[in-house]
Structure formats: C-alpha cells, structure tokens
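Chains here go by letter, A, B, C and D, matching the order in which they are written, and residues are numbered from 1 within each.
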Amino acid sequence: MARVVVDVMPKPEILDPQGQAVAKALPRLGFEGVTSVRQGKRFELEVDDAVDDATLAKIAETFLANPVIEDWVVRRVEP
Amino acid sequence: MARVVVDVMPKPEILDPQGQAVAKALPRLGFEGVTSVRQGKRFELEVDDAVDDATLAKIAETFLANPVIEDWVVRRVEP
Amino acid sequence: MTSIQQIDTVEHAAATRDHPQPYRELGLKDDEYQRIRDILGRRPTDAELAMYSVMWSEHCSYKSSKVHLRYFGETTTPQMREKMLAGIGENAGVVDVGDGWAVTFKVESHNHPSYVEPYQGAATGVGGIVRDILAMGARPLAVMDPLRFGPADAPDTRRVLPGVVAGIGGYGNCLGLPNIGGEVVFDPSYAGNPLVNALCVGAMRVEDLHLAHATGVGNKIILFGARTGLDGIGGVSVLASDTFSGEETGPGRKKLPSVQVGDPFTEKVLIECCLELFREGLVVGIQDLGGAGLSCATSELASAGDGGMRVELDRVPLRAEGMTPAEILSSESQERMCAVVRPSDVDAFMRVCDRWEVTATEIGEVTEGDRLVITWHGETVVDVPPRTVAHQGPVYRRPVQRPTDQDALRANIPDALPRPSTPDDLRDTVLRMAASPNLCSRRWVTQQYDHYVRGGTVLAQPADAGMIRIDETTGRGVAVSTDCNGRYVRLDPYAGTQLALAEAYRNVAVTGATPVAVTNCLNFGSPEDPGVMWQFEQAVRGLADGCVALGIPVTGGNVSFYNQTGSTAILPTPVVGVLGVIDDVRRRIPTGIGGQAGDALLLLGETRDEFGGSEWAHVVHGHLGGRPPAVDMAREKLLAEILVAGSRDGMVSAAHDLSEGGLAQALVEAVLIDETGCRIAPPDGVDLFVWLFSESAGRVLVTVPRTEEPRFTDMCTMRGLPWTRIGVVDPDARALEIQGVGSIGVAELRETWEGTLPALFD
Amino acid sequence: MSRIGVIIFPGTLDDVDAARAVRHAGAEAVALWHADADLRGVDAVVVPGGFSYGDYLRAGAIARFAPVMGEVVAAAKRGMPVLGICNGFQVLCEAGLLPGALTRNASLHFVCRDQWLRVENTATVWSTRFEPGAEILVPLKSGEGCYVADQHTLDELEGEGRVVFRYLLDSGGGTGSPNGSRNDIAGITDARGRVVGLMPHPEHAIDPLTGPTDDGLGLFLSVLDAVGAAGALAEAVSGR
C-alpha cells in the first residue's frame, strides 16, 4: 500500500475566481499582507504497490487534471 | 515574500462524495489498484515576510478551512 | 475493529442490571430512562438506549406538541377529508388532485444544523424532505425554501445566508428539482437561530401510493443507497467511550461532529432507482432514513406493520471502521432508504439497484410476533416492542401561560407613529420600503436556484405561488405557497397563524388554482417556556380553526422547538404551506400587470388603518406592537372563488396579492415584473398613507382587460366582494405614477428594489 | 421520421426537456444509456444538461469516459450532428470534440436567468434556421459556465467564425457575459459546423408557458433540416 498525493492547480494564465475571492476577503477580515492566493485541488490516494509511476501519471493527466486549464504534480508520500 | 501552502481535507469521518466519485470512476476508466481517494483543497498563498505563523494559522482555521468538517495543514515552502 | 465481546448484548444487559448508563448525556430524563427499564423488564443495552433516546427526543417523538397537534385531527371533518389519501401520521400528506393523480407535499425544518454549517445543513435539509416525498411512492417534482435570518446587515448573516442559499441551490440543482418559491425574512430574533425550512412536492398515480409498512411475514428488509458512516451520530458517541464493562481501553471516540455532508448525486440516482422499483412493483413498503437513521426506519416500519422484524445489523454496509451497533443505529448518514420486499422479488430488486449502481443489502426480514430483534454477529443487541420505540414515547402536557408582556405589547399600538403626508415624503417612503431587506427583490437568492429543470415550471419566483404542470397531456398542475409573518404571530398567535394561512391560501388563489390542502412547519422557542407553549397552542388552534373555515385539511407538518438564543425565543414562526390544483396550467394568472395599455387595475377587498406588526412600522420606526390586521376567512374564500372564476372565464389577465408593504409594494412589484408602467388614481378622500401602506388582509390587485371590466366588476358586486378601480396599465409611461405622490421611473424603481441584497452579500 | 438520440448519464437532469424539444420539433427522441456503446441508429445526438456523476471532480470529467461517449466521438468524426447543452457542452470539451474548457462562474455563484444571445454563425447544422445576427432569449443555468481557452484557440475560433452564440447584456445592447466567459462566448462549433456546444438551454425555450420564449426550437428545427435532407438523399441513393 502506498500513499500518493496529486496537487492540481489552475494554470497561471487562467483566471482563478476562487483564489481571488479569498484574496479579496482577507483584508476585510483584518488579515493584511497576503498578496496572492490561488486555489486548487488536492487528492490523497491509497494505491496498491503494484500501481507504478507511469499509471499514476496517466491517472493525473487524463483524469484528475484537465491539461487545458490545470497543472498537476504527483508525488508518493510516506504513509 | 514567502510562499505558503494550506492543504484542507475533509475529516476522515465525514463523507467525501467527491473523492468517492473519483474512486468509483477509476476502475471504469481501466485503472485498477486505487483503493481510496479523498479530495480536498490546496491553497497557495504569497505573503509578506511580516506575516507570522500565528496569523497564517488563524487564516487557515477561520477562513480557508471549515473546522466542523475539515482538517488543515499550513506549511511554508521554498519559493 | 471493535471485538464482538465488547458489545453489550441483551443477555449481558439482563445479567448486569445495575450497570450505570449515560442516559442523561443522551438527553433522557430519569423517569424516561426508568420507563424504558419498565418496558423491557431490564436495563436497555447500549444499542437499545441509543434507539430509545433518539426516538424519544422532542424532534422524533413530538412529546411536547402531540397533545396540541391532536386538535388538527379532531377538527378535520369527513368532508375536508374527502380528497385526502394519506394524512397526519404518514411521511407526508397525500391529496387526490383529479384525473387519477395524487400529489404529496411536506415542509421540514433544518434550523440548527444550518446554523452550525450553513451549506451542508441546508443541503441535507433539502435531501431529507425529498426522501420523505419519495417514500410516499411519488416522483419529487419541485422544492421550496422558507428561510429566516438575523438582521440583513449583521456580520453573522453574511456567514449564514450565502452558505444556506448555496447549499439549497447546490443540492436542489444537482438533484434536478426546480425551486419554485420560498421566503427570505430578516428579523433580529433569528440572529443566533436562523430558520431553514424546506418543502418538497411530488406526484404519483393514485394507485402507486406507498406507505411505510413492514407487512407480510417472510418479506425481506433491504437497505439501499449510501453507506452508513459516523455522521450525525452526535451524542451517541458517548456510548462508544463508555462500554458496558467500563474498560479504560475501550475504543473511545472523540465527540463527533453532528454535521452531515450531503451527496446530491447519490440522491438523484436513488430517486431514479426507487421510481423504477415502484414501477416494477417490487416494493411492499418503504421508508426513508432521516433523523434517527436506522433506529427510526426499523422501528417505524415494524411498528406500522403486522408482524415483528429481525435485523442483522452486521450486514449494514459501513463507511467507517469499528462502528458499534449503537452508532450504526443512530447514524444519520444521508441518501439511504429501507424497503420491504417479497422474497420472490429480491433478485429483481437487486438487478434494478445494480443498473443504477446503488448499493443494496438485505439486512433482515418481517417475522411472526411483535418484537423488533436486532442482532450483531449472531448475538441479540436489541429486543424491543417496536411501538414503544416509535409511537409510545413520553407525552408531556407542558405548562401553558400567556406571557406577561403580551398585554403591554398589544397596548403599544402604532397609531401615534409619525406618518408621511407630503407627496415627497410618500414617494420617499415607497422607495425606502421597496429597498428594505424584507421587501426588496429576492433575485440575489433565487438566481442561484434552477427553476427550469424538468420543463414543467409555469410560475416561480417572483410569482405569489410556484406552479408546476404535472400532466403534459391534460395540462393539470398544482400551485404551492408558504407564508408566515412572525411579527403578526407574536402580537396574536391565534390570528397571526390564521393570517399566515390566509396569505398562503390567497397566494395560491391569485394564480387561478383552487386551494385544497395545508401543511405546516411550526418553528417555536423552548417548549419548557410556558409562554412559548401558549404561543404554540394558540397557533395550532388558529390554524386548525382557519382550515375548518376554509374547508381544507391539514395533511401533515413538522414541529421545530428550541429555536432560541439563550432564553430569548425567536418570533413564533408557524410557516403554513397551501397546495392548490389547477385543471389546466395554460389558464394560470400571471403576477405582473402586463403591457396591455388601458387594462384596468382593480383593488379587491377593503383597506383599513392597520399597522400593527406592519413592515412600515418595522422599517421606519423599528416598532412592534398593537394588533395584527383583522382576518376574515369567509372573505378569503370568496376572494379565491372569484379569482378562480375570473381565470376560467378569461376575465383576469394578472393578479397579485397584497401583503407586507401593502398596496404600494404590490404596485412596485407588479410594474417591475413586466417592465411596464401604470397610472394610479386613488379614490377621493382616502388617506393616501393608509391606502398605500396598510397591510389589511384579504386584498388582491387584479388587471382586467378593458372588454371584461363590466362582466368582472358585476360578478364582484353581485357576490358582495368590495372592489375599487384604481388605475390603468400604461406601458409607455415606464413608470409607477400615483396621483398625489408623483411618478417613479421603472429604472429608478428597479435599481432601488434590486440593489439591496447584492450590496449586502456580493 | 428523423431520430435524435438523447444521452443519459447518471446525474443527467435535462434529458426529459431535451427529448421534449426534439418531439416539439417533429422528430423521435431516442434515449441513449451511458453504459451502452450503441447509438441505436440515430441521425443526431444531444448531450443534455445536468450534473453527470455529480460533477464533483470537474464538470464532464467522468462522463466523457462512458461507453456511449466512445460511439459519440466516432460518429462525430464521421460527421454526425452532435449538440452539447450545458453539462453536455462540458462533456464535449472534456472529450476533445470541442476546444477549451468551462470553469467556475466568475461570481462563484450558480446563475439561473433568462439570457439574451446573439447568433453569430448560422451555417452550423444546429443554427441554419436563425437569421444572421438574430437575438434570442433562452434560460442560462449553470455554476461552471465560464468559457476559457488559450489565446491561440480563441483567435482561431474567432478567425474561423466558430463562435456560434455570444452573450448579450440585453436585447439590442452590447455583448457581456454573466459568467466571465472569454470573448463573451456562449457557444462554439467544431471546424465542420456539425458539433456545437453551448452553455444556455435552448431546450427550455420551446414554449412560452414554461420558458421565456420558443426561440430555442430553432436549433432542433435546424438539425432536422440537415438530417432530413441527408436522410432523403440516402434513401434515394439506396433506392428505397
């Protein structure tokens, strides 16, 4: 059993209204000094040891992320 | 300037329909061996150096995460 | 994994009579716990204790309200009952609406969860009421959401309202149910205790009515839908940390959040799956799992059936590891249903579930005798008479006392409040009222709700009532409205509740539909407060007596107590829902006055100087006192008959009910809906302020085509309904022109009316 | 009679409405189940709105892998007319039949409203019944309706006239999007003008009783002209 994390973030050139909404709201709540916020997704997967890196890459690229609008990173983590 | 990542995940005992939908779909797409998926949010913040850890913790707890149903982790990362 | 030996069995309970149990933490009183011991002749097991405590809670047992709710049944005459196929006591009331169609509708509250977690609280509120409707055998067709919040500009309202609205939209939209109406009311009394009520309406062929009965010995009990997890088990987690042996090493759980997360996709699939099961005739009885989860479903099914029931709890598909029987029985995981199925149909049942990829598990069967027996890996953990759990909970006749401040409140009449009198002041008042949070456009909210899906929505926001078509061939449809002005109820709970009924009834009638049935959601403070109980008793009596006067029955409802912040209760808020039938939705009456130049505007009913509890007194003076407007049920009935006749004969081209904000507000809305204009000439000698802002009940603004005017007014005169011709439609004016007040352009009106909520919540 | 397929995924919601629109236009509506890799001989396909598989991951992300979608993609490559409405548009983008993607509305709120559109291209099989530049009023109801694509793709779409519908502020007013879409794009077509996707819901504008107008019927009548003619030709050639 292995634990895998896939981070999926909107591409820098794509508008990120959610991140912007957070960034705008923070000063109103009294939090100064946050200059930019981007919001993406985090997936935590548990996979059988038989699942290799190529398969994980494929899962991320074809399914968890949409390459038109998102970047992604796959990494195995310690359980 | 510092880069901060906040990972927000549904609490283990809370239903995660999103992760569940992904987990159910994978075998249909021909990907076997993924036994569990949980889906959360990832925030990437750029903050002034003046912003301290206590403030970051507060931002995460009161705003980025919903403590009733989510757990969160704040970490500073190399730029 | 919890080991089997740690589980508290019936056998073990019988042997350890004196083992102390945390019944108080579970909300049971000493005498209630003793009663359970008396019923069982021993101490309850953990699982039994979990079941009794949740089923005997106020929410499930109606222990404080039962003695009052009986009045509904006592006052319903056989004639009122004629069209009622199922009533109080079933999951939802069912009414025969003609052409072989039956319609079911019900409102339920999800107030407390929505305060803690607005999005999920509201979302699961919608999910729960939809399953109630589904459990009657009906296809859910539409939802509505009566809501109450604290002051519009309060910071906490900014947290609660957007979350609640997003949750209702998020769940309902994804479920594919049009949202056809609701309410948004702001009042300081709801600040720490918002009200989130959800209504669902569904339809079925009369012969498809399914009732929640576990009948037929040998029939199988099948649990299907989502897996069971630790959500919503709240207080029951104390049992897990306090196992019978008192072992320190027990797998104690930290107190779990009692918040549930909704999965509308699973529910959508569950709906389609259930409807296919009904169509195929594979269901003998069915029950939704809502509050109290399996405890409720198993005990209610068994208690309504003709035998007993045996359940193997270890078969329940779980989402979390190591759940105890008590936790499984109390879990409020969403999107689950429980069906009773003939053994010969089980395979077919499973095939349908497979097709929809719905998890379904046989967990037990209907047995001889009258016990509900639940086992866990072969050992008996529950052995109870099911009626004692589901229906024979404690009943309280709580002290009732008219609050001491009621007289002072009534004496504090609004007559001395300074009133506007110059044209400019009146014009300003029209605009100020139109922009006020309770009267301004609800678009910011309703724009987040899909009202088009299913293609049957004929009227939705901002119409007085929502209307959907249920039969595409004949055009038969239903209209629904919910209403309640908590300030009126506070001033006079009996009359105030009748005013709520009258308004919902009128709102249905102005669409051209005939009102046929009533449901309710009674939101009140603590039943342990005699003043609150007095309000409750008065409200129930007012509603029941009002229904008798109108000749339509209460078919169901819901009670929500303990709505208060500290010792301050909310305004008593008995939300009343009225269902109407229309044989052909093509003759529905729209709300906006339309663009036909020269059409006559008539005001039906009488206007009196009535400002007690009015919106004007609230907005301009922050005043609440005096008496609410007078209510006259006979007049409401006549008004409805005339509107329906007007619709049938094509005499009325638009109709809009007058309520909060009076005639002025009705005109503002009726003009803006169609982006049109009108010229209003108040009758000679009226007090303009009273005429424009009074909230006298029993009034409707109608538009009548020029050619129909004599026929329509003759009908009103003949039947004794007072009417006044107050002006004409003038689309070219693109303004609301009122003699003695001035002209307000449509653009200014729109900006005023629509700007408020976006400014507060965007 | 022409036969138009309406695809149903778990979570599809507007299939009843799409089928009703097809019938109003005078064709037979054929339900196509997501799990069956079979188009049952239909002449054209509508991928309707809803929340396929809950749309929890990303709108349309799971649906595009459904067995029926393989057939739709193959048929589209052969030139079969395909219309994606709302969630259907999202599915077609995810499936690569149309370029770009649909993301959260700029307001972050779901938006349900009557929306004016301008018909920019009347040469697709789904838009021949409209006058060039026609303004139509149809419902829009979506939470992820913000059309995005990289600049190159946008230039290509504009350059080739492949924007079929554009959002208008108002009838007679300028363009303006209710959800942040690039270039106020409401709907686009593939290079051949046979696959069209749009966020607004023409199938909910077929009868003023239940929709704002009957403007949406034009899409369904257009495709029937196309497949009707093609059908007649095929029949003539095969000598039936």
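Throughout what follows, a residue touches a chain if its C-beta (ideal position, glycine included) is under 8 Å from a C-beta of that chain, and two chains touch if they have at least 3 such contacts.
Quick caveat: nothing in here was measured; it's all calculated off a predicted structure.
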Exercise. Report which interface contains more C-beta contacts, comparing B-D against C-D.
Key: C-D
Quiz item: CA centre of chain A versus CA centre of chain B: separation in Å?
Solution: 9
Quiz item: Quick one: chain B and chain C, Cα centre-to-centre, how many Å?
Solution: 36
Self-check item: Multi-partner residues of chain A (each touching 2 or more other chains)
Solution: 63-64
Quiz item: What residues in chain D touch two or more of the other chains?
Solution: 53-54, 56-57, 65, 107
Practice problem: Pull out every residue in chain C that's touching 2 or more other chains. | Solution: 263, 265-266, 357
Quiz prompt | Listing of all chain pairs that touch each other, if any do | solution = A-B, A-D, B-C, B-D, C-D
Self-check item: chain B contact footprint on chain D (complex, rising order)
Solution: 53-54, 56-57, 62, 65
Practice problem: In the complex, go through chain A and note every residue touching chain D. | Solution: 10, 13-15, 17-18, 21, 63-64, 66, 68-69
Quiz prompt | chain D partner contacts - residues on chain B that touch it in the complex | solution = 17-18, 21-22, 25, 28-29, 39
Exercise. Give every residue of chain D touching chain A within the complex, in rising order.
Key: 57-58, 61, 65, 93-94, 99-101, 103-108, 146, 148-150, 180
Quiz item: Can you name the residues of chain D that touch chain C in the complex?
Solution: 10-11, 13-14, 16-17, 20, 50-51, 53-56, 107, 109-113, 139, 141, 143, 201, 203-204, 209-211
